[in-house]
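Letters A, B, C and D name the chains as they come in the text, with residue numbers starting at 1 for each one.
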Amino acid sequence: MFQVRIHGRGGQGVVTAAEMLALAAFDEGRYAQAFPSFGSERTGAPVVAFCRIDDKPIRVREPIVTPDALIIQDATLLHQVDCFGGLKPEGHILINTGKSLAELGLEEYLAAHPRERVLTLNATEIALRRLGRPLPNVPLLAGFAAMTGLIRLEAVEKAIAERFAGKVAAGNLAAAREAYSRILSSLERAHV
Amino acid sequence: MFEQIEGSRAVAKAVALCRPEVVCAYPISPQTHIVEALAEMVSSGVLSPCEFINVESEFAALSVAIGASATGARSYTATASQGLLYMAEAVFNAAGLGLPIVMTVANRALGAPINIWNDHSDAMALRDAGWIQLFAEDNQEAVDLHIQAFRLGEELSLPVMVCMDGFILTHAVERVDLPTQAQVDAYLPPYSPRQVLDPAEPVSIGAMVGPEAFMEVKYLAHAKQMEALRLIPQYAEEFRAIFGRPSGGLAHAYRTEEASTIVVAMGSVMGTIKDVIDEMREAGHAIGALGITLFRPFPTAAIVAALRGARRVVVLEKSLAVGLGGILATNVRMALAALPIDVYTVIAGLGGRAITKRSLHALFRRAEKNDLDSLTFLDLDERLVARQLAREKERRKSGPVAENLLRDVGVIAARNY
Amino acid sequence: MDKPFAITLDPGSSLANRTGSWRTFRPVYVDRLPPCNAACPAGENIQGWLFHAEAGDYEKAWLTLVENNPLPAIMGRVCYHPCEGACNRGQLDESVGINAVERFLGDEANRRGWQFAPPLVSSSGKRVLIVGAGPAGLSCAYHLRRLGHQPVIMEAARHAGGMMRYGIPQYRLPRAVLDAEIARLIDFGIDIITSAKVEDVESTMREGGFSACFLGVGAHLAKRAYIPAGDAARILDALTLLHDVEAGEPPLLGRRVIVYGGGNTALDVARTAKRLGAEESIIVYRRTREKMPAHASEVEEALQEGVAFKWLATIKAADEGEVMIEKMRLDEKGFPQPTGELERLPADAVVLALGQESDLSLLDNVKDIEIINGVIQVDDNKMTGRAGIFAGGDVIGGEKTVTAAIGHGKRAARAIDAWLSGRTYAPPKKPEIATFERLNTWYYSDAPKTVRPTLDLVRRQSTFDEVVGGLTEDNALYEARRCLSCGNCFECDNCYGVCPDNAVIKLGPGQRFRFNYDYCKGCGLCAAECPCGAIVMVAEEI
Amino acid sequence: MHEQPIKFYQTGTFTVGNRLLPPEQRTVQSRIKRYNSLNSGHRACQGCGEALGARYCVDAAMEAANGRLIAANATGCLEVFSTPYPETSWQLPWIHSLFGNTAAVATGIAAALKVKRAKGERRHIRVIAQGGDGGTTDIGFACLSGMFERNDDVLYICYDNGGYMNTGVQRSSATPPAARTATTPSLEGALGNAFGQGKFLPEIALAHGIPFVATATVADLHDLEAKVRRAMEFHGARYLHVLVPCPLGWGFPSHETIKMARLAKESGIFPVFAAESGEVVASAPIRRKVPVEDYLRPQKRFAHLFSPTLNLAALARLQELADRNIRKYRLLPETL
C-alpha cells in the first residue's frame, strides 16, 4: 500500500488533489481511498488530505500516520505544521515553490534525504500561466506521477478529463504536462 | 458498475435508484454531500418525478417526510448529529405512525462542545425511537443497505435509519460497485403503503391513545421490529442473488474460528480492526471480530451464536453512555449474560479521535492478557484529564473544560493525523 | 387498508360517543305569536303569508292570507294596520309595510283571477242567515262557507259592501276593487240578496229555514248634534253625503265647507268636499290634532290636499253663509272646556260627522238580546243573549273599523259552526308574544321601509282617483322580506349552522329542523343565535 | 374580496342559510348534505368555537376541493377532542403528527401528491393544515414560516383562541394583552398578560408575500366561507387566521361564543381583512361599532380590569389597540 498525504490551505484544491489521485489509480485498475482531514475547511486554513493506493481492497480507516509520500501545496505551511511527521525514511516529498530548499531553510533538515526524493515545483506559477488561476493541485499531481512513477501521466490526464471540462480541463491538462516534464527533468538532474 | 466515488455521492446515487418521490433536506455536516447530489439529480431530471424540498430545519425535514410517506410517497431524508436530535420528536413520531421513511445518518458527535467529527452518539441517542438501525462498514455496504432499507421498511411499515460514519465514509472517495436501475427495480417493488391519506378511504392517522391501549400499541411496535430479525437475512440473501455480492444481514463474523478473543464493533472502524486482526492472526493470536450491521432490533441470537466460543469479548464502540459506559457493550453484555464470557467495554473515537492500528494492536494484546478494565477509553490523554480533575477539585469555578483542555494540549484546532 | 392498531381510525367512529348525555339544558323549538298577528283585529296570520310572499310565491301568500280574511285588496287600502304599529321591526328601523304588501297580494289576486281554496269540509246543509253585506257579514259568510255551511246574506242596500261602499270614498277604495272581492265571495258560493231589508229576524229565520243568524247591520244612522241653525243654514250629515256621492248624486256644497267632527269620517267628508269643488274645506274639532281619533295618515293626506283644521273649536250656531264657533281649551284631564271666545267662519255648508248609530228595529221581536246605548251586547263568541243569533261589526260597538268587523265575522262564524253542532267554540290558546327582546337582530340587515307612491296633488284635489298607489312586485318582495319572522322559525339555518356538534337536523324546505339530542351538548348557541327567538333552552330533568 | 351583499333584507347576508337564495349562493353550512367534516361525537366543550370554526373551514375547503382534500392537524384541543382512540370525528383523510410540525407535514403531503399526480397515480387533491394559536404562532412557527417561504401548496388555518386551552389555559403569543391566563395571573392587582408582547401572525404571514392571507371569525360565516373559497382558488401557501372564542379559557357562558367573536370584530380589537400577494385588498367593515369594553367586560379573563376597581389605563390602552386596527385596516367607513 502506498500512502500519500497532501498539505495545503483551504481553497487550494487539496481534497480534489487527493481524490484525483485516487481516481487516477482507480483508472489504472488499482484500489484507492481518498479522504480529507474532515474539518470546517475555511479558505486559507491549513488542510490535509490523504490518499491510499493498493492492489487489494483497502479496509483501514485510520488517518495516514506514516505516509510514503508528501505533497506540500503551500510552502508557508512548512514552519506552521509538522508536515514531515511520520514520513517514511526516503519518502517522497514534493513541494510547491519557486525557491530552493536552502531558501526554504530545509537544506540542513533534509540533508540526509535522497535528492531524487525531495523535489520542488513552482506549480502555482504553472497554474497561473496555463489556467489563469493559482490552483497548484493538478500540476503537482502530475509532478507527483513523474516523481513516483506510481501512476502514469495518462491516468492523470484521464482524471482531469473526468473531473473538469472545457477551458479548465484544457488549462489543467497543459499544466499537468508541463509539470510532468519539468519533474522528469529535475529527476534527471538529481540523478546526474 | 465500479466507480471511484465519494461515499456521499454513491449513497445519493443508490437512493436515486430506489426512485424516492419526496426528498427533503437541511444542511448539516457531514451529511450535506448526499442531499446536494440528490438535488443535482432532481434538478437535472435524472431523478424524476421527485420533489426535493429545502426545509428550514431537520425537524421540518423529517416532518415533510412524514407527511409525504403518509400520503404514499417513498420518502427520504438525511441528517447527522444535532440535526438528528433536533428532529428527535419527529423521529419517534415517524416510527409510532409506522411510516417507512429511510434516513441516512452520517454519524457525528453531539455537542457541547460542538464537534463535527465522527462518532455514534447521534444514532445511539435515538436507538429506542422505534426505527430500524443499520450500520455500514464501508461505502459499498452503505449503498447496499439503503436499497435494502427501503425494501425492509416498506414491508414492515417501519422507518429505517442507515448509519454511516461521517467524513470517514461520507467523504471518502473509494471504489464502489453501483447497481443498475434494472437490478434495483428487480429487488425493490413499488411502495405499497399499509395506510395512506386518501379521500377514497378517509382514515384518521395519529389518534390519541390512552392507557387502555397504549401498552398494546407499544408491544405491537416491538413485535413488528422483531420481525425484522427474520426478514433481514432473507432480504440479504435475495440481495446477493440479484446484485451478486453479500451485503447487509444482522452481523458479520470475521476470523472468529477458534478465536478466544473477539472484538465487536459497528461501522467503518471494522475495516481497521480487520487489518489488525489479520496482522495478529499472522502473529499467531487467536483473535477475531464481529461487525454488527443491525443495531435495532438488536440481533441477540445472532450475536450469541457468533460469540459463544470466545473467552473474552472486547466491545469497541464510538459512543458513551455518560455515567454508565458503553451502549453497544451494554447490549452485548445483556446478550451474553448467560455465558461465561468476559466482556470489555472500550470507548473509542469520540468526536473524531483517530482509531489507529497501533492503538488497537496494543489494546487487543492487553485484552488477551485480561489486562483491561471493564471500561476503557482508548487513547485517552490521562495526564490532561488528571490535571483538569485536580483543577476542579481545587476550585469550583475552574472555567470551561474544553478550553482548559485545549490550553493544556497547546493547540487551537484539533489535529487528527 | 391494513391499518395500524389504535393509531389509525375509521371515519364515523365518533358517532359511538353520544355527547347528548352531557346536557343539562335542552334546546326546544317554539312558535310564538308575532306582534303583528296579535295586533290584527281580523286575526290574520300576517307573518304566515309574508313568509310565502318573501319567496315570491304570491298566490300561496294570498291563499294563506285569505284563510283569515277574504278581502285583502280592500284591507290593503282601508285598514289602519295596527299590525305595523306593533311590528318589532319598528324598533330596529321602520316597521314592515304589511298593509302595502297585503294590497299588492289582493290586487295580484284580482288581476290574475285567483280563487279561494274549496271549503275545508263537505257541506253541512245548514243555512245561516246573515243580515248585512258589510265587512262583518261578508267575513262571517265566507268563513261559514269554508266550514261547509250555507250562508245567505240579506242586504238592505242596492249593493253589497256596507260601509265599504257607502262610507269610504272611492279615492281610498276604488269600487272595482270592492266589486271584485265581493264577486269572488259570490263565486265561492255565498248568496247575497240585495235590496232585502230584514224587518224581523225571528220571522226571517223561521221562514228561510235558517239554523242561525249573524247580525252585521252596521251603523248607518248619523248621530246628530243640536246646533242652533237658521232656516237658510245648509247642514248635512256625513253618511248621507258619502252615500249620495256613491250613488252618483253628489249634493251641492258651495265654495266653503265646514266639517264638524274628528273621526275618519270627518276626514273622508272634508277630502270628498275638496274633490267636489269646494275651495275651502275646514274641519272643526273640539280637541287637538293629537287627540283626534282619525288616523294620522289620513290627517296628513288631508293636509296635503289643502283641507284646513280648526282645532279646539265647537260650532255654536250655523246660519246662511257662516257658522259661529267657540274656542275651547283642554282642562288638566284633557277634556275640552268652553272658553266663551267666539269666532265667525264663512261657510256655505256644514257637514256633521259626529258618529253613527245602528238601526236595530229588526230585533224588536227578539227576546233576550240586550242592547245598551244602541249597541248589541254579545259574549266572547259574538253570540247575543238569544242563542243562535250572533252579531258583529259596528253593531256591537268597540273599534269600528272594517278590519275589526272582518275579525268579528270570522270569530262569529267559528262560534256558529260550533253552535250548530252543539259545541261551544273555544279558540286555541295563543302562544306568548314574540317580543323584541327575544330577537337577535344582528342577523337582519338594515333596510328602511318602502314608501308607496302617492297620486300628485292636483289630481287628488279634482278627481276621485286612488290616492295611494300600490307597490311594484320588486318593492312588495323587498317589503315582505323585511319581515323579521318574530317568534317563528323561518328556516334561516342559523341553528343548523352554529351548532358545534352538528346536532341539528335540517329537514328540508318548509320542514324546519329537529334537534338530535343524541349529540346536542346543550351549549345554547342555537338559541342565542336564533334571529327570531324560536328556540328556548329548557332544563333537563335530572 | 368580500361577497357582494345579497339584496335580501329579512336576513341580509348574516344568517347561515337563506331559503330564498339561489342554491349556488347559499353557504356550504346551510346544505342538508353538507360534509360535516368534523362529525358529531367529538369531545369539545359545550359551545366550542374551535369545533365550530373547524367544521366551517374544512367543510368550505372540502366544497372548494370537491371533496378531494387531506388535512394535517397540530396537537391541541382540536386534535385531542376529535381523535381519542377509538373514535375519530374526521370524515376526511387526516393526520396528526406533532405539535410543531403541522405545516411541514402538510408540505410533505402536498409534495407527495404532486409527484403522485405527475405519475398519474392520483387525481388532483388539495391540502390543508390546521392548528390552534399555540401550534401556529409559537411552537409551529418555524415550520409555518418555512412553508410560507417555499410557497408550498397548502392552506394553513389557525384557530386562534388566544392561548393553550388544551393544557389548561396558559399564555401563548396570541394571548391578548391584559388577559388573565394560568401563566399570566391577575392576582394582587397584576395586569395579566403584558402589553407589547405577542404577535399577530397574519401580518407576519403577509410579510412572506404569499398569495393569500386572511382573518375571519366564527361570527360571520359568509365572510369565512368566502375567504376559504378564495384561498382555495390559489395554489401556493395560504394562511387563514380564524378567531374562535373559547368559553372555558375566556370565561363566558357557552352560548355566547359567536357573540364574543362578533364583539371582537365589531370593536375592532380583531381586524377582519384579506390580503393577496402581500397587500391588504379588503377589510370587513365594522357594522355596529362597540367600545372595546363591551367585548372585554363579559369575559372572566378580563374581570380584573373591572373589579375591584376599574383599570381605566389598561382599558384605554386596549381601546387604542382597537382604534389602531380601525385606522390601519380601515374598518369604519370614515377611515376609508
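One rule holds for everything that comes next: contacts are C-beta pairs under 8 Å (C-beta built on N, C-alpha and C of every residue); 3 or more make two chains touch, one makes a residue touch a chain.
Everything numeric here is computed off the predicted structure, so don't read it as measured data.
Trainee: Would you mind checking which chain's C-alpha centre is most distant from the centre of chain A?
Mentor: The most remote chain is C.
Trainee: Tell me which of A-B and C-D has more C-beta pairs in contact.
Mentor: Counting C-beta pairs in contact for A-B and C-D gives the edge to C-D.
Trainee: List the centre-to-centre spacing of chain A and chain B in whole Å, with centres computed as mean CA coordinates.
Mentor: For chain A versus chain B, the centre distance works out to 34 Å.
Trainee: Would you mind pulling out the distance in Å between where the CA atoms of chain A average out and where those of chain D do?
Mentor: 65
Trainee: Let me have the rounded angstrom distance from the C-alpha centre of chain A over to the C-alpha centre of chain C, please.
Mentor: Inter-chain centre distance comes to 113 Å.
Trainee: How many angstrom between the C-alpha centroids of chain D and chain C?
Mentor: Between these chains, centre-to-centre, one finds 50 Å.
Trainee: So which bits of chain A are touching at least two other chains?
Mentor: Residues of chain A never touch two or more of the other chains.
Trainee: Residue numbers in chain C touching 2 or more other chains?
Mentor: Each of 6-7, 9-11 in chain C touches at least two other chains.
Trainee: Where does chain D touch two or more other chains at once, residue-wise?
Mentor: 82-83, 85-86, 88, 90-92, in rising order.
Trainee: Touch graph of the chains shown: is it line, ring, star, complete or other?
Mentor: other
Trainee: Which of the chains touch, listed as pairs?
Mentor: Pairs of chains that touch one another: A-B, B-C, B-D, C-D.
Trainee: Which residues of chain C touch chain B once you look at their complex with the stated criterion?
Mentor: For chain C paired with chain B, touching residues are 1-11.
Trainee: Residues of chain D touching chain C in their complex?
Mentor: Touching chain C: residues 5, 7-20, 27, 29-30, 32, 36, 38-44, 46-49, 51-52, 55, 82-83, 85-92, 221, 247, 253-259, 262, 288 of chain D.
Trainee: Across the complex, what residues on chain B touch chain D?
Mentor: These residues of chain B touch chain D: 21-22, 24, 49-51, 53-57, 59-61, 63-73, 75, 89-90, 93, 97, 197-199, 201-210, 212-213.
Trainee: Using the touch rule from the top, collect the residues of chain B that touch chain A in their complex.
Mentor: 2, 4, 6, 29-30, 116-118, 138, 165-168, 171-175, 268-272, 274-275, 352, 354-358, 413, 416-417
Trainee: Touching chain C in the complex: which residues of chain B?
Mentor: On the chain B side, the touching residues are 96-98, 157, 194-196, 201-207, 209, 213-214, 216-217, 220.
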